[in-house]
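Please go over the structures that come below.
Across the two complexes that follow, subunit A remains constant while its partner is subunit B and subsequently subunit C.
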Partner chain A sequence: MWRYLKLWLSLAKFSLLGEMAFRGNFLVKIFVEVLWLAILLVFNFTLFQQTTHIENWDVNQYLFFIGCYFAMGGLIETLFLENCNQFADLIRTGDLDFFLLKPIDEQFLVSCKHIDWSCAPNFLLGLGVMGYALWTSGWVLNYSQIFAFVALFISGAALAYGFLLLLTSASIWLMRNQSLYEMWWLFTTLMRYPREIFSHGNWATPAGFFFSFVIPIMLVTNVPARMMVKTLEPSWLAWYALGSAVVVLIVSRYVFRAALRRYRSSSS
Partner chain B sequence: MPIIEANGLSKTYRVYQKKEGLLGALRGLWRREYKEVKAVESVSFTIEPGEIVGFLGPNGAGKTTTLKMLAGLIYPSAGNAQVLGHVPWERADDFRRRFALVMGQKNQLWWDLPAADSFQLHREIYSLSAEQFQRTLGELTDLFGVKELTRQPVRELSLGERMKMELIAALLHQPRLLLLDEPTIGLDVVAQVTIQKCLRDYNSIRGVTILLTSHYMRDVEALCKRVLVITHGKLVYDGPLTGIAERFGNEKLVKLQFDGTETPGDLGAFGEVTSREGPIATLKVERLRVAEVMAAMLDRYTVLDVSIHDPPLDQMIAKVFEEGTTPAPELVEK
Partner chain C sequence: MTQGLRKYLKILRISLVERLAYRADFFLTTFLRFLPLITTFLLWEAIYRGSGTDQIAGFTRDSMIAYLLLVQISRMFSSMPGLSTGIARDIRDGNLKKYLLQPIDMLWYLLSYRGAHKIAYIATTALPYGVLFLLFHEVFTLPSAWTWVAYIVSLLLAFLIGFFFEACIGVAGFWILEVTSLMYIINIVNFFISGQMFPLDLLERYPYVLDVLNVLPFHYLAYFPAMVFLEKKQGTELLVGLLIEALWALALILLSRWMYRLGLRHYSAYGG
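Right, the complex of A and B next:
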């Protein structure tokens, strides 16, 4: 474990050095991400000028939700998205060979080789928005609540990573990753809204149920955010989210390893 | 105990046959035709510790596929192999710590960073102690003559320098087996010779076993005493490099210098004239008829000088590759 942590720190360091070599590109990426958050916030503040609640979320609760979504997205994009996105190219070019030759867990190396530092500010901005939302709502410091939130946030990140790895593994069969990106954007869209939005209508209710309990991608942000600013209902949802994360991580690892067995390695 | 033991190693690929045109592409959406391609067919050989073995064959013969099976990158369709006492495609960490694969057409170093940073990462991956790492790196940068270049971004190195860095990265963990897939491809003659020398020296210092594929016969001649020849997925020769001429070269080149300023006009009666230059001519003569032809020519002409040798190795190898289109000749054991 210590060896993997040291290796991850080295990978993080070299990724940062690599990105710093192209300073302009690095700064532009950060600027775009900040702009993206600003647009999202302006849009939601505009909505709240017309109404006091979206479903049963008030403005501060909803702001916290957006912060949680942004921090979660930032974390996944910093740590894993770029790596998973490159996976199809590694297969197509045969460069995956070098990952398989190393005496280290292949999933670790494929998932963590590159840390996309230009997305890291999203995580910090998300934390900032969450902190601001708690402050304006007059939240009282509660350590057990913070602990529960952190645990559920990590479990949400694990759940999202598991789904991303499942989509990534499909690249072995598909050879291209456009479909991966499409699916991932669908998933992030589902992560962006409170679950209650999908509680009305002939289509929305089954869709909400499907993406909460069958493919529980909506739980990634809903469960930690709700735990922090509202009451988690039903209360077993936290355990369901934790259990889903464990199951999806195990299944995704199994599928990833099965996919590697199908790897053909392109000709040199 | 052999370092590599391959028994009946085979690999068959299922390749999608794309139909021409839009209609064909549409049909391919719901009904696809596949063809089975036998990339490697029942290849068997063993390699002992410390050997440098050349793996020869034309493009698509199955060299790289065999190499990748031995490296554990792909699973064979049939057969088995033991490399360093392991089944390679189980990819045990202990196995992966003890060998390295270098592919001349691929780059595993971090492109935008100096090679020294990639070496550090290798140190972490292979859990090398700081002392062992520094000592090995010092030895290797001296051997390859690139001590001054390790802090330069990889993308700014020449092809030859980059290949040296690739080899250093591959040797940092002191592998017992080095698999090289066309390590000198695209390099100029000087860089080729330097790499050949470094590999030879490293083999004699460390006793590393090397299995090398190359299209440059110079690499093979400079490094390998033994060669494996594969065509159309089948091993057609396994033996000493010098045995290639005996096995496949059924002709000799006879070079003659005649008295006078010109060669005689009727030399064609003795063999195929491959060159004429002033009084010097070279004839291609069947190996079994050399003595008879020489006697006849010495009888008829005044010959000042004569030399008999095998045709260039690359010509013979080309002939071996051509033979691969016909039923494979019987395998010659080492």
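Right, the complex of A and C next:
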């Protein structure tokens, strides 16, 4: 464990050095992200000129949700997305051989090797938005609530990581030419909104149930955000989110290893 | 003249065959692309429920959903993924030579190529989009025949504006070597100012912003055709809108051709 932490820290440092070699590119990428957040906020602001509530989320609570989503997305993009995106390439070129030869866990090496520092500011921007939303809503400091939020946020990130790994492994079989970026973006549409918007209508309600409990992608941001700005009324939902994070992590590891077993180093 | 046209029609045909080679891939991603659309519908329904009115900036719940669907059609015509970066890459790599050595003009060639791409794309997505439109058919009221004509004209002009705007950015590659990051920024801003994110009428409290956006060509890429279909632009407003759209298309054609000619003089065929 200690060895992996040390290894990860040196990989992080190495990635940062690589990024700093192209500082202009780094700055442009950050600028694009800030722009994207600004447009999201303008959209949000425009919506709340028309209504005081979206389901039972008021403007500050909804703003907090957006911050939580942005921070979560930033965290996953910084740590894992670029790595998983390259997995298909590693297989196609046969370069995965070099990963398998090393005396290190393959899943660690494939999914954590590169840290995309240019996405890290997203995490901070998300934190900033969350902080602003709490400040304007007159939130009173409550350490146990912060602790619960951090724990649920981490469990949400673990859940998202598990889904990303599942999608990465599945992409080997399903979509050889598709970029994982787009798949992930489309899939994470489901964690971008409060799950209450899925609570009306003939098909939306079952879909909402399905993506909350069977494939619990909606819980990734909903559970931590709810914990912080509302009291998480059915507290079993928090436990359910924690439990499903563990299950999805185990299942995704199993599927990933199954995908590796099918690898035959076909190139060269 | 006819021979010149036949040349580009042939290119259109070849590209069409090439595009249709990847069908299965196409269907899968098209269906996945509906996911953001569906969640946006649900979000709007929640907003209408929360606001307690059924008119937001002149849009009923139904016409809002119709708008969001129609914007997809507009973008089907006007979006040009990879066009400007492709042109800039050809300039940078020296691949531009292949156009200069043949009796073929790069911009007209790419226009035929894109036209084929669009026809193939529309043909192959007709089925999934047809299903989607059928599912939501009750939000639409079919417009009159003249509106149909105006709608199709506005879409074709949107294709030209989309194409020649991106061509201008691509041709700018003669002077700036890297247009990819510029395109990222333009795409994000465009998502907003073309009205793809929400109808621009929601900005009614900021008339000066609306004025600026109405002068720019970007709202023709998504907002304007959708509004034509919904019959929210009628009479002189419609005619003036179409006229300005045509003028923008013409201006961008001339600008891109002028930049291209200027660029060729500047060009020194590196690489290759």
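We take it that the second predicted complex is superposed on the first by the 257 of 268 C-alpha atoms of A that agree within 3 Å, B and C clash if a C-alpha of one lies under 4 Å from a C-alpha of the other, contacts with A are read in each partner's own complex, and residues count from 1 in each chain.
Just so we're on the same page, a contact is a pair of C-beta atoms (placed from the backbone, for glycine too) under 8 Å apart; a residue touches a chain by one contact, two chains touch by 3 or more.
Since the model is a prediction, treat every value here as computed from it, not as a measurement.
When both complexes are overlaid on chain A, the residue A:V214 reaches neither subunit B nor subunit C.
In the superposed model, A:H53 makes contact with subunit C only, not with subunit B. Using the contact criterion defined above for the overlaid structures, shared-chain residue A:M1 touches neither subunit B nor subunit C, since it reaches no partner. When the two complexes are overlaid on their common chain A, residue A:R192 makes contact with subunit C while staying clear of subunit B.
Judged by the touch definition given at the top, the superposed model places A:I39 against subunit C, while subunit B stays out of reach. Which of subunit B and subunit C touches more residues of subunit A: that partner is C.
By the document's definition of touching, of the two partners only subunit B reaches A:Y263; subunit C does not. Looking at the shared chain after the overlay, A:L141 reaches neither subunit B nor subunit C.
In the superposition on chain A, contact of A:M183 is made with subunit C only, not with subunit B.
Against subunit C, the residues of subunit A that register as touching in their complex are 25, 28-29, 31-32, 35-36, 39, 42-43, 46-47, 49-55, 174-175, 177-178, 182-183, 186-187, 189-190, 192-193, 196-198, 200-201, 204.
Against subunit A, the residues of subunit B that register as touching in their complex are 13, 60, 64, 68, 71-75, 91, 93-94, 96-97, 100-101, 103-106, 108, 110, 112-113, 117, 120-121, 124-127, 153, 181-182. By the touch rule above, subunit A contacts subunit B in their complex via residues 3, 6-7, 10-11, 14, 17-18, 21-22, 93-95, 97-98, 100-104, 106, 261, 263-265, 267-268.
Those residues of subunit C that touch subunit A in the shared complex are 22, 25, 28-29, 32-33, 35-36, 39, 42-43, 45-47, 49-52, 56-57, 181, 184-185, 188-189, 191-192, 197-198, 202-203, 205.
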